[in-house]
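What follows is a short report on a single structure.
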Amino acid sequence: MNVTRRSVLLGSAAVMATMATRVRAAQPKEVAIGVLYPFSGPSAQVGVDAKFASETALDIINNRHDLDLPLAKSAGLPGLGGAKVRLVYADHQGDPQKGRAEAERLITQEKVCALIGTYYSSVAVTVSQTAERYGLPYMSADNSSPSLQRQGLKFFFRAAAHDEMFSKGMFDFYDWMRKKGTKIDTLALFHEDTIFGTDSSNAQLKFASERGYKVVADIKYHANSPSLTAEVTQLKAANADVLMPSSYTTDGILLVKTMAELGYKPKAIVAQAAGFSDKALFDAVGPQIQGLITRGSFSLDLAAKRPSVGAVNALFKARAGKDLNDNTSRELMALIILADAIDRAKSTDGEAIRKALVATDIPGTRTIMPWKRVKFDAQGQNEDADPVLLQYVKDKLVTIFPPQAAIAAPIWPMGA
Amino acid sequence: MSETLLELRGVTRRFGGLAATDDVSFALAPGELVGLIGPNGAGKSTLFNLIAGALLPSAGTIRFEGEDVTALPAPARCARGIARTFQVVRSFDSMSVLENVVVGALARVANPRAARHKAHEILDFVELASRAERPAGELTMADKRRLEVAREPRLLLLDEVMTGLTPSEAQRGIDLVRAIRKRGIAILMVEHVMEIVMPLVDRAIVLDLGRVLASGRPDALVRDPAVIGAYLGQRRSSSVGHAPGA
Amino acid sequence: MAPRLSDPAPIDAISGSAPVGGSAFRRRRRGEFVAAAAILLAAAALPLGIDSVYVENILVLTLMYAALSQSWNILCGYCGQISLGHALYFGIGAYATTLLLVKFGIPPWFGFVAGGILAALVALALGYPCFRLKGHYYTIATIVIAEIASILVLNWPWAGAAMGIQIPYAQPSWLAFQFGRSKIPYFYFVLALAAVTWLATWLIEDSKWGYWWRAVKDDPDAAESLGVVVFRSKMAAAALSAFFTAVAGGFYAEFVSYIDPDSVMNLQLSLLMALPAVLGGIGTLWGPALGAAIIVPLSELTRSYIGGSGKGTDLIVYGALVMVIVLLRPEGLASLLRRRPGAAVP
Amino acid sequence: MLTASSIAQIMVSGLLTGLIYALVAVGLSLIFGLMNVVNFAHGEFLMLAMYATFGLALGLALDPLVAVPIVMAALFVFGAAVYLGIVSYAMRARVNSGMVQIFSTFGLAILLRGLAQYFLTPNYRSIAHSWLGSRTFALGPIYVPAPQLVGALISIAAFFALWLLITRTDFGKAIEATREDADAVALVGISKNRVFALGWGLGAMLVGLAGAILASFYYIYPNVGGPFALIAYVTVALGGFGSVFGALAAGVIVGLVEALTAVILPSDLKEVGVYAVYLAVVLFRPRGLFGSI
């Protein structure tokens, strides 16, 4: 009598929970959005930070703020009679199956009208598929895998850049530096064996061969290895003009420490953000990476050009105790863009929201990002989300590329 | 159909240099009850393992019911009717007493239901029926010994089954051995305690330094100076006549 | 079987009738079968009462883990060879099914069987060297073999490598094994799978293999002396166990419609397969199902309703519960079911 | 493309890493040898030790090296407590005690991770400044990082001390006796339970030492134990469960094999090299290199 009865009990329990939430969702003045991040497991910190970012965005959406951002000046969603947005968080633990299960729970029980997430690209695959099946939008806030938008989904949208765009930005930078007479010929790739790492290195290999850079080392390592000495020794032996790591915080910290231990001082590091935009990494190894360059979707010094940046960062810092970074800024902005679409759709119907997203056209100046504008192409990708390159100088990240966004000239080589 | 059940010819097993059993030859008739005695390190246990198939001989042949089983592994010999007990009592403690016996019975009866019936019979015989459903783990030492002999082979090898038993238990053990023997099962038993073996067996084989030192009726053997010598530990060279098996 | 150790009382009750223990035995077998049939029917009726996709998802996972753990139980619970590398067979099933479908358009139904057979063959090939290892040496070997396999798949571009493989959306049909939003068909398939693994175990319990495997588990040497062919016993158990595990793996791939090495081949998964059997009663007929019925919904609900906090509360509850159950009921919760006198008789 | 010096560098690094692996693993091996129990929370013990070191560095500004004795003491108490509070009950199980031990410690592992995340947040910590820090000595072209070097030396010293403890002291004799025949020692008046508790304390203490050393050059977060634990299990099995010397030898082998595989094969296959060596060894020596049990 085991399987069934138990499940029935639990089942009914869950169903009751459903009822409860149904009642809440039924209240007209509320719009629920499902937020999926890893809140436990190896990347739990990302989830925790993402929650702060989402709450900051929620504050901006639901309350009046004198900021030049969508929905900032109004309280709630005017298009829906000032309805407030409610966020329902779900933990996917980095497991695609759990991600899908949570997505289904959010849709069918919490009655959310859109999903946003998920940090892990693998989870984004199942979540975006689920959203497609239920006909409501999935806003990819911080997935950077280009393969995602190529699933041919109608309800997939990504306002931020993906790894190919990021990598392209890096190579544009190299070309630009070359024109200015800097010698950049050889590259060393260092990437983990995950979707993120593989996508990133594939793009970099592609651009390198297209634009005539020699990849002298392409090192793929197992994420969270206890030791990276062998890998670093090879990087050192290769001694390329630029070291291009695609790593998360843990391996990033270990990489930098190991380089120092083995006396490897690369001429320049151009990192695929991730770990290299995480405060924890700079706290740990800041001194060793003065002059490091990382791609970014965001930079604080953008405040000079876009006043809302400073204010929003203040709102975030009040909650998280740290500045916005590459991930949190994307998570925050994506939520605002999604809410804006819901507002313009004047409805919580998935198809209506999708249409509104397709119609989205927000000038870059009305975002906190260095983007030209927000406009989604047929694949749901915002091709105008041009990335910036930031350099870590005197414990701060300053924008050095592209020129229109730059506020300082790059220091090259990094030691100089 | 030969009148010898088990026949060893020049069976030798070397471990590295030294021979644990050295050119041992003897034979057992069906239903015969034979004691295998000798001082420690005489090679009794090795010989047991060789007959049971836990070890393979370096030289010599072992025939069972006329068939050459020298190369057969333990399970195959078991299937042919050679059963052995262990010095350290063994049982499947997570299984019931009945199931323990069923495992053995399955060696000869393929069908589980038939095996269970056979097992019930055997348990009646060894007087464990009342504990049939008990986990074997809960049995007393004496009962575990009974459990070990609870099978119906053609030849039963008993390895010091009396050790660790109280006198009264031992007496019941002896009765059981007699009873088994009455069923026409041949028994080869290793025992240290002379007082137990000698009155019990038809014939005893004395091993010393891996060789058959003497063999014959118990009453004769106990008077054999070579045997006495061996037990007193006066190591004479085995020039002392080595009697051929029966 | 373990549970009998827990409460000998009912055993006494019937052992008076020891000679006819055989018939008591048959009575118990019949009882088990009837109970299972009843449960199956009750379970089959469940979807009628449930309209929540989320709950359906939990039910599917519960049944899947019941089936998985029952398969694991065959090798590890009955035959006593503790494998913590069963994710390997799960992965083989998942990848075989998916690759056959995606690369060659072969329907999943064939993939399930093919994956199962492949896994069984792999189990035999690995068992040949590994079954010479004893205890923890064997267990560690199973772990590292599974890890090696997962790292190799991670480096196998044709199989999607780190990207994993996504099963393209197809028109809902039983042949394609896709059903749009509905989970009910998956539910019935996995229910059937769980029933089959249960039935297999039930049949094994009263078969030569059943007795032999448990003998091997308790004392291989003694078993050998009683005519049990230990090595072949282990191989048989491994092959059967791997087959069912792989079928479940194939199902998982179809159910989730996306697989990558991390989600179908990691060590955690191997442990999660073993867990229900351990909680419910390792080497018992009902243990795995019972354990799954408790632990799977628990882990799902804790994650869904307290996991969003990011504080790891769900882990605390889950870990503590596993610890407590294992310590309080080493012989497994199934032993709690064993109250009917007849039930205790082998 | 790899020069002789970089090969030499890899060998040196591999050796140092290996000695630290050995230190991480020996506690596991000791406990197993004593009572045939594999602690599946070993990695979490390491995690706690690292957090303890981090806490002392942050709170009391103690250098990891200074913190070592404190952390070791703390872990000793913790280990003994885990035995008395959990493992001793797990061992009472009459049936499938093996699995009960594995999964009670597995549950403990998850619980500890959860607690770490709850109280310490999942953030990645690391000790920014320490004496050893990222100091490093250059012997010609070969660099020897101070933390690993000191760690390796401490590891060797620890093994020597352990050897003395086991062979020269009453406690060691008690341990030996207990592993020989746990019930017999009861007759000569040694409390089995006490020896086991001390054994767990000692095992955990060694993990504490390893953790304190690692903390000085490694990042710290709730799941940090995982990768080390897996390596520790393989190391212990490779050396032979229960063999202290085996753990040392195996640790070094694992370190070297890992480093070399990383340059011969694509470096994300380096674990494969280690695992393959384990399989190869146990196929010929089913009890590991120096295993007795």
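We just call them A, B, C and D in the order they show up, numbering each chain from 1.
Here, a contact is a pair of C-beta atoms (placed from the backbone, for glycine too) under 8 Å apart; a residue touches a chain by one contact, two chains touch by 3 or more.
Small disclaimer: the values here were computed from a predicted structure and weren't measured.
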Task = Please identify each chain that touches chain A as well as chain C.
result = D
Key: Co-neighbours of chain D and chain A - touch as defined   = C
Ask   = From the centre of chain B, which chain's CA centre is farthest?
value = A
Ask   = With chain centres defined as C-alpha means, what is the inter-centre distance between chain B and chain D in Å?
value = 48
Inquiry  = For chain A versus chain B, what separation do you get between their C-alpha means, in angstrom?
reply    = 76
Ask   = Distance-wise, how many Å sit between the C-alpha centres of chain C and chain D, to the nearest whole number?
value = 32
Inquiry  = Using Cα averages as centroids, what's the distance between chain B and chain C in whole Å?
reply    = 43
Key: Contacts with two or more other chains, residues of chain D listed in rising order   = 94-95, 114, 117, 122, 222, 266, 268, 271
Ask   = Mind pulling the chain C residues that touch 2 or more other chains?
value = 2, 5, 151, 154-155, 283, 310, 312, 314-315
Request  = Provide the list of chain B residues touching at least two other chains, using ranges where the numbers run on.
outcome  = 94, 137
Remark   = Residue positions on chain A within touch of chain C in the complex are 1-8, 10-11, 13-15, 17-18, 39-40, 44, 47-48, 51, 88-91, 93-98, 100-102, 104-105, 108-109, 122, 125-126, 129, 132-134, 147, 151, 193-195, 197-199, 222
Key: Touch list for chain D against partner chain C, complex   = 32, 38, 86, 89-90, 92-100, 102-104, 106-118, 122, 222, 230, 233-234, 237, 241, 266, 268-269, 271-272, 275-276, 278-279, 282-283, 286-288, 291
Query = Given the complex with chain C, which residues does chain B contribute to the contact?
reply = 52, 54, 73-75, 78-79, 83-84, 86, 90-96, 98-99, 102-104, 106-108, 110, 112-113, 115-117, 120, 123-124, 129-135, 137-138, 151
Parts of chain C lying in touch with chain D, wherever the complex brings them together = 2, 5, 76-77, 82, 129, 132-137, 140-141, 143-145, 147-148, 151-152, 154-155, 267, 271, 274-275, 278-279, 282-283, 310-324, 326-327, 330-331
Request  = Flag every residue of chain A that touches chain D in the complex, lowest number first.
outcome  = 40-45, 48, 192-193, 219-222, 224-227, 229-231, 233-234, 236-238, 249-250, 253-254, 257, 260-263, 278, 280-281, 283-286, 288
